[in-house]
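Here's the structure, in structure tokens; my notes come after.
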Amino acid sequence: MDIHEYQAKELFRAAGIPVPPGRVATSPDEARQIAQELGGKVVVKAQVHSGGRGKAGGVKLASSPDEAATHAGAILGMSIRGLEVKRVLVTVAEDIASEAYVGILVDRTTQRPMFMVSAEGGVDIEEVAATNPDAIRKLRVDPRYGLLPHQAYGLANFLYTDPAQVKQATRIMAQLYEAFIGNSCSLAEINPLIVTPTGEVKAIDAKVSIDESALFRLPEVEALRDLDAEPAAETLAREAGLSFVKLDGNVGCCVNGAGLAMATMDLVKTYGGEPANFLDIGGSSNPDKVVAALEIITADPNVKAILFNIFGGITRCDDVATGIVEASRRIRIDTPIVIRLTGTNEAEALEILAEAGFSAFTGMDEVVQKAVDLAAQA
Amino acid sequence: MDIHEYQAKELFRAAGIPVPPGRVATSPDEARQIAQELGGKVVVKAQVHSGGRGKAGGVKLASSPDEAATHAGAILGMSIRGLEVKRVLVTVAEDIASEAYVGILVDRTTQRPMFMVSAEGGVDIEEVAATNPDAIRKLRVDPRYGLLPHQAYGLANFLYTDPAQVKQATRIMAQLYEAFIGNSCSLAEINPLIVTPTGEVKAIDAKVSIDESALFRLPEVEALRDLDAEPAAETLAREAGLSFVKLDGNVGCCVNGAGLAMATMDLVKTYGGEPANFLDIGGSSNPDKVVAALEIITADPNVKAILFNIFGGITRCDDVATGIVEASRRIRIDTPIVIRLTGTNEAEALEILAEAGFSAFTGMDEVVQKAVDLAAQA
Amino acid sequence: MSIFIDDSTRLVVQGITGRDGSFHTSQMLEYGTRVVAGVTPGKGGQHFTALNGDRVPIFNTVEEAVAEEGANTSAIYVPPAFAAGAIMESADAGIHFIVAITEGIPVLDMTRAAQFVKDRGARLLGPNCPGAISPGTAKVGIIPGQITTPGPVGVVSRSGTLTYEAVAQLTAAGIGQTTCVGIGGDPVIGTDFIDTLRAFGEDPDTEAVVMIGEIGGTDEQEAAAWAREHLQIPVVGFIAGQTAPPGRRMGHAGAIISGSSGTAEEKIRAFEENGIAVARRPVDIRDLVRECLGA
Amino acid sequence: MSIFIDDSTRLVVQGITGRDGSFHTSQMLEYGTRVVAGVTPGKGGQHFTALNGDRVPIFNTVEEAVAEEGANTSAIYVPPAFAAGAIMESADAGIHFIVAITEGIPVLDMTRAAQFVKDRGARLLGPNCPGAISPGTAKVGIIPGQITTPGPVGVVSRSGTLTYEAVAQLTAAGIGQTTCVGIGGDPVIGTDFIDTLRAFGEDPDTEAVVMIGEIGGTDEQEAAAWAREHLQIPVVGFIAGQTAPPGRRMGHAGAIISGSSGTAEEKIRAFEENGIAVARRPVDIRDLVRECLGA
């Protein structure tokens, strides 16, 4: 789960990391008032879950509260990579002597939290990694010991030469690691970590993603979820316990299992169609999930055909069939539905569907071809 | 550093361990008042750094506030294993259905914190270990992982069969381990851990020792030190940076290095004397320490001869000589002093001592024999 | 022969009284797996009765299950909040093969638990995996037994139902399996492709391997390079997620393209460069395996 | 020959600019030890100048000292609050022999640091120890060089000055040493008696060992039993603390009789039962060694 910069900065502040003061605003007036309170120059920053905010015109410097309000007016409501800006962060503008990058993520290969730091901050770290890998220092943290003092120091020592800056940065490394672990992050990033002309080390941007699987024990972090920032369909899917990703095609897919769902999408493409979504109804046998899935898929006007691909294992085919029948009673479905069911309780499922007037198939390729054809004809 | 039961219970409470309510009193009136506030039956318990308080008559049950005051009057001022009781804990008396033992210490062989638990509680665990070792379950905690949930459960499961009691005890194991680590304990013990007739699991006695070396970072724990509970000489020694243990003999010893100090004491005994103390002036070369050491030794009326045994390494012999001369100017020393100095700056030291009228030797056996003889003659 | 599980497998089911645990215990018993014990804290001393009437003793701890019943393998069906702890309990009790079915275990919990299992010298399969089945011998996990049949092909996959799809097609074509292994869809897992390929390579009965990967990470790329160097038997590969957009998690916590890394194209290229035949459609897996076996 | 340190030793001193670190660096250089680097965070790039005029480069981290100067051994003189961290830094940087002089490191810090060193495959000596000296070759720590002389006796001890006493007497009697090792007086230490006896047993030049123990713990008892089984050369033992009262810490954090365990009597008995000649007075050590050597 991605959170906004202003929320990430709150987590960082709680961990003791120096962050310039600032608050979030949803209107130009509010932005003016915050700028007034902060005094001096401020930055007005679009709060959306996307990189490239600066290039898109979503980050502006203001010398006065009125200018802050003007910028907020321009930024609020703008669209950045398809996301509407509904909030801006108004924060003190810091003078910058140098910019560095500090990030932590879980390295899959070593299965450890990994720091990446670079004195080349304020830019895309993937680009630095590609063009100048020696400018990045990586450190994998042994989860049995956590970040050790000499490791935090070693990272800081890679970024700075001035002992006072090294000392501040050492503390920040430890604090960032605590924030990363304490909030079960999958990513925690400061870009840039700046040094001011007077030698203070501060985080002036913050990016944090939280491990969805850990949210059950972090209610206060879960509360940071911004429903505005995700398509309504994905919110509905999450609440129904479905994995759903919206795409741009016309074949709606409803599959059990993530791998089979991806393979189904790929096969739609192979047969000349375009998948409208990724949707995994998961392993449990709950007809309600199928109803929710159909509601979500049919709400997408692009969808011209609906494809069910179910390989029954834990998922019982008869439960899925019951769900389809149930959904067809509760909601009006004009889009043609193509169903493939095989595996556990396949026979019972086919009977249920037949009674309700649906026909079903058992081969994957044939249903995908059929769904692609139907969508193309619509 | 040992702390009192009532202090240990405060640490346990802070960790969430269920402990019956109670407070410490220094007078019968105070004890009466606490008993009144608590209501019902209370226990009045002597607060001294010693086991065997019950056998010594230092723990008494009271059915009324007046009885609590009477018991407090009897216990306050009594002497338990040579320690005067200056405080009593007045605490709610719990009904007991069963008693268990739970303790953690650092196991030297495996270098890990080690739990010992036994369903035979309320008795001396060393006795259980000797007579019925199978009644004790030991668990060494890997410091890289801490106490894992299944380990806490396994300990509780060894003590109890009732699932509700196992659950409570599992939580207490985890809490006790947190208290042990968080307060840098060398020992944390609940004896007994009781189950009440209604099935509640509670700690009704508590024993905690803190690692002296960790006190520098635990000011709030260091503040628990009870100066009343240690001989004044040991307080003085600690403040002067000396290691000192009071003994009953007549040969005062002043040595550099703990091993050499013990070997010197042993040699005193070998030659027919009795050491009056263990005293290690440590490795640093500070004449003030020598002055403090002589002040402490001469304050003991039993001391009939003073023996210096210095093997100069880091410790410079001339510094020790300067300290001896300095002390002889500042305080009146009637007791004969026998000095052995060898190693770093030995020649300079002998000169300093000769100038001040002291003579010194370089062999260990001869000075010890001499000191023993002088003490015997006194 | 087979890998990881065989007729010496003595299984303890952690979470045997839960909904999934009890259902699949019955399934495993019916398949012939020796389920010697169950664990549910607080229910020690009771018995689990399977649908076929078999009774399995329940213990409070895995330690007791090992001591009393000689369990050497575990299957974990406990909820995500307790699953990492259950994995460590198994390893601590001396279980040497631990299969974690549970989905949704926090990744940072798993970094510790996976390390703990390594420290104890045990093997973890999963989490968020369907387990393993050695057709005709033993099944640990949730792979439907009826879609498998004994034979010479090893199957290893990050996915569940996609594996069933591939295996069912093999079986339907008369091509049996030594062992089918689901390594799981999480970013931090105990046994990876290389570990499984190595085991198949050491199994005298496995004559070809099907490796089913998906977007996210570099496990397939590393496995392909490893196979070229160390594996004597042919590999047929499939990668799911060619149409997956970058930066979005596709169901599995590990199925996410980070920046430009972990794409299906990258993995397919790695397969091809290392001599692995790549199936474009699931149905092609069967045909390519048939070619490999020269059947 | 010698154990632990020899002429391949390339030493980095952690805490080289501190009071103790700078003094003993001069001493070690004077003795001929190759001190190739010092570490003091924030002082990287500067140089340490010894009393004899030698200059030693200072680095911010041990990692840099290893990379730039090929350090393979470290001596730690940093204050107790930072010493466990310094030990782990050394091990993490690839140092294979770490000598921790610092006294007063919290015991729980050491349980982690000692484990970390083991995980990295390095050896820790100490903490709270005088270090080691291989007479005529190298000295790491604080043992006065002038009381030692090369020869056939290995010395291992939990104490500092008591060791000097014994070694000085050996030297005065013309009996030299291969290596003198102080393992330290703390309850949690990196290298114990058995580790050191094993090393002496493998050293072709060590013909006899002096083992000086004290009250507290069971290290001497275990070492005595080990020596009987595995050591081919004679051992002379001494135990300090026969007059120590139970339950009191005698200076060293580890020198404490717990209940009835760890007494001098118990240790002396273990020595005698396992064929170790026990010196009753420090002066007897010399005479017993002379007998062992048949001199």
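Letters A, B, C and D name the chains as they come in the text, with residue numbers starting at 1 for each one.
Keep this in mind: a contact is a pair of C-beta atoms (placed from the backbone, for glycine too) under 8 Å apart; a residue touches a chain by one contact, two chains touch by 3 or more.
Being a predicted model, the structure only gives us computed values, none of them experimental.
Asker: Based on which chains touch which, give the shortest step count from chain B to chain C.
Answerer: The distance in steps between these two chains is 1.
Asker: Comparing the two chain pairs, does A-D have more C-beta contacts than A-C, or is it the other way round?
Answerer: Most C-beta pairs in contact, of the two: A-C.
Asker: Averaged over CA atoms, how far is the centre of chain A from the centre of chain D? Could you give it in whole Å?
Answerer: A distance of 55 Å separates the two centres.
Asker: Indicate the whole-number Å distance between the mean C-alpha point of chain B and the mean C-alpha point of chain D.
Answerer: Centre separation, chain B to chain D: 28 Å.
Asker: Where in chain C do residues touch at least two different other chains?
Answerer: Residues 112 of chain C each touch two or more of the other chains.
Asker: Which positions in chain B are in touch with at least two other chains?
Answerer: Counting only residues that touch two or more other chains, chain B contributes 144-145.
Asker: Mapping chain-to-chain touches, which pattern fits: line, ring, star, complete or other?
Answerer: other
Asker: Which two-chain combinations qualify as touching?
Answerer: All chain pairs meeting the touch criterion are A-B, A-C, A-D, B-C, B-D.
Asker: Any idea which chain B residues touch chain A in the complex?
Answerer: Chain B residues touching chain A: 144-145.
Asker: Can you list the chain A residues touching chain C in their complex?
Answerer: 106, 108-109, 111-113, 126, 142-144, 181, 184, 186, 211-214, 216-217, 243, 245, 247, 255-263, 265-270, 275, 278, 280, 283, 311-315, 342-344, 364-365
Asker: Which residues of chain D touch chain A once you look at their complex with the stated criterion?
Answerer: The touching residues are 41-42, 44, 60-63, 82, 85-86, 88-89, 92, 112, 116.
Asker: Which residues of chain D touch chain B in their complex?
Answerer: 20, 23, 80-81, 103-112, 114-115, 130, 142-144, 147, 157-165, 168, 185, 187-188, 212, 214-219, 222, 238, 240-245, 248-255, 259-260, 264, 280-283
Asker: In their shared complex, at which residues does chain A touch chain D?
Answerer: 145, 148-151, 153-154, 157, 163, 166-167
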